[in-house]
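In the two complexes below, chain A is the common chain; its partner is chain B in one and chain C in the other.
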Partner chain A sequence: MNTFKRTIAVVALLSGFLWACGESSTTEPAPDDDSKDRKAVLTHLADEIILPAYANFKPKLETMIAKSQAFSAKPDATTLSEFRQAWVDAYTEWQKVELFDVGPANKTGIRNYYNIYPTNVTGINDYMADPSVNLEVASSYDKQGFPALDYLINGVGATDAQIVAYYTASVEGPKRLAYIKRITDHMNALITKVIADWNGSYRTEFTTKTGLDIGSPMGELVNGYVLHYERYIRSGKFGIPSGAMLNGVVASDKVEGFYKKDISKILAQTAHQAAVDFFNGKSVKTGTNGAGFKTYLDALGAKDSATGKTLSETINAQFDIANQKINGLKPNFFEEVKTNNAAMVQVYTEMQKAVRMLKVDMTSAMSIVITYTDNDGD
Partner chain B sequence: MMEIREVKTTSAAPLAVFRIVFGAMIFLSVIRFWYQGWIKSLYIDPKYFFPFYGLEFIKPWGEYTYILFVICACCALMLALGMFYRIASIGLFFSFTYIELMDKSTYLNHYYFVSLVCLMLVFLPAQVYFSVDAYRNKNLLSDAIPVWCLSSLRLFVGLLYFFAGLAKVNSDWLLLAQPLKIWLPAKNDLPIIGFLFNYSWIPFVFSWFGCLYDLLIPFLLWNAKTRLWAYGAVVVFHGLTAILFPIGMFPYVMMVTALVFFSGEFHQKIISQIGKWLQLPATFLYPNRIYAYSPTTQRILLLGFGGFFCWQLLMPFRYWLYPGELFWTEEGYRFSWRVMLMEKAGYAQFTVLDKEGRREVVNNQQFLTPLQEKMMSTQPDMLLHYAHILRDFYHQRGYNNPQVYVDSYVTLNGRMGKPLVKPTTNLAQEEESFKPKKWITSFDDTITGF
Partner chain C sequence: MFKHLLSIRFAAAVLVAISLTSCEKETTTPQLRKTIDYSTLTETTPYSSLFVDETGKTTVDLSNGNNRYKMFQALNTYISSSISGNKQVDAAVLKNMFGNTGNAFADSTKLNTSGVQLRNVTASSWSTTEAEKVRAYFETYFTLTAEASKSVTATAAKGKAGKLGTYLVDERGIEPIQIIQKSLIGAMQYDYIGNVLLTKGLDADNSTLVSGKNYTQLEQNWDEAYGLLTLNQVYLKGSTDATRGTTEFALGSYIWEYNKGAYAKIHPAFLKGRAAIINNDKAELKKQADFIKAEIEKALAASALGYLGPKYIAATTDAARAHAIGEGLGFIYSLRFATVNGADAAFSDAIIKALVLDSAGGFWDLTPSKLTAASDAIKAKFKL
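Take a look at the complex of A and B:
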């Protein structure tokens, strides 16, 4: 009849049990119900999408670099056009990996060095003059990557002959070619590091740390995904050039691929499709859908109680509408902004609806906290 | 001290032990808060704050906010020791409550709970036994106090649980198992129990158990026969919530608070044991004296406590005065022991414009912290307050009579998101008040229950 001691005993016992439950361990076997198993989702996303997509991108970049070297060795119209084509191919392929803003890519901030536009022409000229300038700082973002190359191979002259002449100039030419080498080498170093980190320890971390708290791989992945869709597809490719974001201030010079002009649509289409495919867990290797955000949401039973439609169906339907709106555009967004801007704004509007579903409905259903901060209007 | 015939007395030990652990818990909470850097990130870094309606004068003191927390921590420590008890309890009540009311974004029911307990402690004789004050002042030292002093504390804790349970008697919680249906699968990778959360019936079990637990635990703790097992349930329940949800110190505060239901003998054992370790004299540990208020003081106190409990009984039901769904409008939601009832997430994009053609889509990050933005986007009164911050800011920037509109989108307990504020409302013109907010959209769904 010693209540005091018995209480102590009961509390100690229960605390021990709870402590055991609360201990985070990763050795526990995965639950049988694989549909809600985040390990399965993360493994599929890593092995079937992220790593193969990087593996597809790397050779395209290498080809581009090889073509750039060929151009440097012998600048003429042929080598230029081959370089340019390889640049288009690599830039397009890049759209399929930019969305993986998680782990090594997030840590290196690779997107910032690869695809910040509009590029800064004055800055590029300054950087050419000073080969010692640091390419690893924020102020250098808009002077390198695909947009800088866009200017360097499409924008430095009106004709191919003029562009070739720009590089064959006796004093300045070699410096200009050296700058191309610097920035393409930098791109290569960054992607090599990202892939190496994935193949090193990060894949294990990504697929075994299955929590959803702030900083967890899945939390970071979802945040990065939504951020990419919101800021780099919706805003960057449509909202900002069309003025939909900046209170109607149209900025046709802020389109992606501004100097090449006719590739902005294919870049946007590729990026959007990559985001859609990632949502559906579509394997880059086999083309079939597997575990991903869609299956996870379906397993969680996320649906609109009013219509009974699943959240993933609703999101996919909205993706389709946005896709259709993009398909209706002409290849050259620079022209579209000037002559058909209402259609550009419409894409933004439809994407905005998808953003809300991804950012609010999807993350809420997944119980993931959005930790990145908005900078709409920037 | 005068003795009053009619007043029943009880051991002073439970209240003394409660004073010590409660004070220590708050002290630790403040230290933890400081250590986590939250004083700076929550009360110094933000540019704007969300005060409570009518209490707008309560706001952080800039860099001096640290002083507030120092005062709070010192008072908590003094309360635990029972040193200058009246000053400590009054100081703790005011400093803690002030901190709690500085910004709505950080509102937590357990802060409100702590505030009210501090308020009660100001008037309760928790310092008459096993305290520094009683050690110094033999006229104060007593080991028996009026029964109502202890009962009122137990009643208050009981009310908290009961109302928390009552709030769970609603169709979302019991029939849809929301929001646990969303929150539990997120934890399906926990060792030992994680696999359970893959089963769709588990959230129902947790919901029903949680509801029954809250409703019944006050009675089970009060009854000596069930007390031990009830306390076991307290440990399991709050332990589980501590593992599953990021709710900080609250589970531990409740675990120690529930000890107040244990008998005088139980608490006497704790004190005797500590007394033995500290080699305190028997005259201090067993004074054999009764603490009593003068009849007038006692009458006033009982009247005051009576009023307090009436207020407590009515507050949670004030939402009946408002039309619309409580979870959607949140009118009358706070200060009612509604905990963990909603998974609510949202998105709010503001546009400010004037008649002369100025127009800007607001970047919330320029004005608010991520936490403030998150809270603001789902709570109508905060949306309104923010709209007024924007109105005043853009007025300063030269906008002529700025109009503020919001494109809002909110999901509640897994329902598809929809606008929370009518998009045609110029929020710059709407005034905050306790009246129903007509610019909140209708919920178009029904959640039945409390």
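Take a look at the complex of A and C:
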């Protein structure tokens, strides 16, 4: 096997030189047997999961924006509660698309503008006072998106009447409403661009550039997926608030949906299920499993060396355990961290096992290099 | 017999002189050493093991390359440790390390008396005037680093120099240490290896020994290149895509990290090129040199893309973002030396300007569209 590989390498090397003599050297991906499988996987993921999921999310966001406009036009308890419900719906649906950290979403860094929490209340107040600040720069991440809206519609007063009063105040009220408009407009512009880019040239690029090198769609997709599971599900939703990642220093104020309080669980559940479904290639349109990471790993013959089971089985079994642990939690993670934190830590622990399988076993079986961590140590 | 050999050597030299302009023709020059069968070279052949003279004495001398490597390392360690120890950086020390003046290095390293320096090989493929500009760029950055290090105990913010996490940044949020380190990878390591030693350096004499040495100038040129890339006898021995098997620094570690397709072929290429020198096989030598240059350039470009893309986007703190951008900016600066791909100073400078110089806030004003524009320009130039 080794000799065979070496021969291929030598041949590739030689043919590289041959091209170099004749024309300007173009590096074409070496043809290999897996590329057909990858094309099927990428096509299915794009057409059956990613694009339909975006198509499902967009109207939820549009409804939320419409409700925010209705609230701005006439701030009262009714428009507030409708805005709030639409916000919950859109925020939940967002959990099903945040994981597609590839191509347009990665380039625009959309997650950074949609869901960085805890939100920065002081910063939001500064931004309200200065409408000229740039919402694209990194320092603005924690002052916009769903978490900022969480504060703005759930956290600015203890009761709905107080929240409405916050927006009907004579001088400050209009500025506050204007800020809601600014950040919802920004969310809309970003998702519109991401979807447009996918429908433009990116779908073709995604489904035809089937190589595995750094920066290839498959490499970026897998990196984005693993990063999402590791950092934005495991750490963000469980590891950081429970203190599991900070030497036991608990931070109940860092839960997702901190101001609304009772939605943390549904957000986390939805995000985790979306990651599981994506792994299994479950079509958003039909609900049946198709080509995806699972079928690709199976085709590669990836096995769990300890048990001899397929790697995809092992990963799915670990996903199930993590799911069960999440299901055992109460809806309000802020309270869970305070009163039932061991259960929060357990979710983190089980997810950590899945992270190892995804980040080490899955990527090495796929020959994909993790690029988001810094290895040089400087 | 000896005379006979000499006359052959002379005849061959004439032949070479005649055929120098033709690139297709195989040429013969007098061969000093016993021919090495290329098939005896393996992926794990230590660099110094096979290249010996007829008495079995080594013809390899890595000291010049290794000494410059160690100087680069020492310079880097000096700035980095100052910052981590919350100490100010002295620009004069850096200048001395750069030019090997004033006994800047520890006596135990013997670098002070090594007879080599970093400064005179920095951008040395360029005209003296242009090269001096690059050297002055580094010396300016030494001063800027020293200036910024006065704020080493302050916390940085937009418009304010200081530390972000463990990194020192200037008032634009730019990390001068990374600019120096990553720019030297291109301006010193790659330019000297790729554009000097493995380009013009290939025309050096290979028929007579350098006075007092056991190598020809061509042999020494190749060894200097290898010695400036790594201190190890087998570069990246035992490395996999996920784990680096040897300790490498600067260029040597980035080739592994950012050129997964070729890092394992660099050591064999150096071996084969060195054997080709012994065999007087100029065509093979050039092939290996061209391969090494192309793959290093790919690694440099991919490094820049890695920091502007995944590492920046995935970073969750200002410190990590600023660090990624500092590294990226240094690599973009280095790309001006990527001659195989036709990059030049104008190419690098235009990207850097649009990224962080056009806006007063520098790093603090970065947006995804600026980063994408920079990445797209690099991808287009390097066909990545």
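Basically, the second predicted complex is superposed on the first by the 335 of 378 C-alpha atoms of A that agree within 3 Å, B and C clash if a C-alpha of one lies under 4 Å from a C-alpha of the other, contacts with A are read in each partner's own complex, and residues count from 1 in each chain.
Here is the rule we use: a residue touches a chain if its C-beta (ideal position, glycine included) is under 8 Å from a C-beta of that chain, and two chains touch if they have at least 3 such contacts.
Predicted, not measured: the structure shown is a model, and the values here were computed from it.
By the document's definition of touching, of the two partners only chain B reaches A:Arg356; chain C does not.
Contacts of A:Gly109 after superposition on the shared chain: chain C is touched, whereas chain B is not.
In the superposed model, A:Thr210 makes contact with chain B only, not with chain C. Considering which of chain B and chain C touches more of chain A, the answer is B.
Looking at the shared chain after the overlay, A:Arg38 reaches chain B, while chain C stays out of its contact range. By the touch criterion defined above, A:Met245 lies against chain B but remains apart from chain C after alignment on the C-alpha atoms of chain A. By the touch criterion defined above, A:Thr371 reaches both chain B and chain C. The contact surfaces that chain B and chain C form on chain A in the two complexes overlap at residues 20, 25, 213, 360, 364, 367, 369-371, 374-376, 378. In the complex of the two chains, the chain A residues touching chain C come out as 9, 13, 16-17, 20, 25-27, 106-109, 112, 134, 136-139, 213-215, 220, 223, 227, 231, 360, 364, 367, 369-372, 374-376, 378. Against chain B, in their complex, chain A makes its touches with residues 3-4, 6-7, 10-11, 14-15, 18, 20-25, 28, 31-33, 36-39, 210-213, 245, 247-248, 300-307, 311, 314, 356-357, 359-361, 363-371, 373-378.
Chain B makes touch with chain A in their complex at residues 181-183, 185-195, 197-200, 228, 231-232, 235-236, 239-240, 242-243, 246, 262-263, 265-266, 269-270, 343-347, 349, 359-365, 370, 373-374, 409-411, 414-417, 444-445. For chain C in complex with chain A, the touching residues are 76, 80, 158, 178, 181, 241-242, 244, 253-254, 257-258, 260-261, 265, 287, 290-291, 294, 302, 305-306, 309-311, 313-314, 316, 318, 321, 323-324, 361, 364-369, 372, 379, 383-384.
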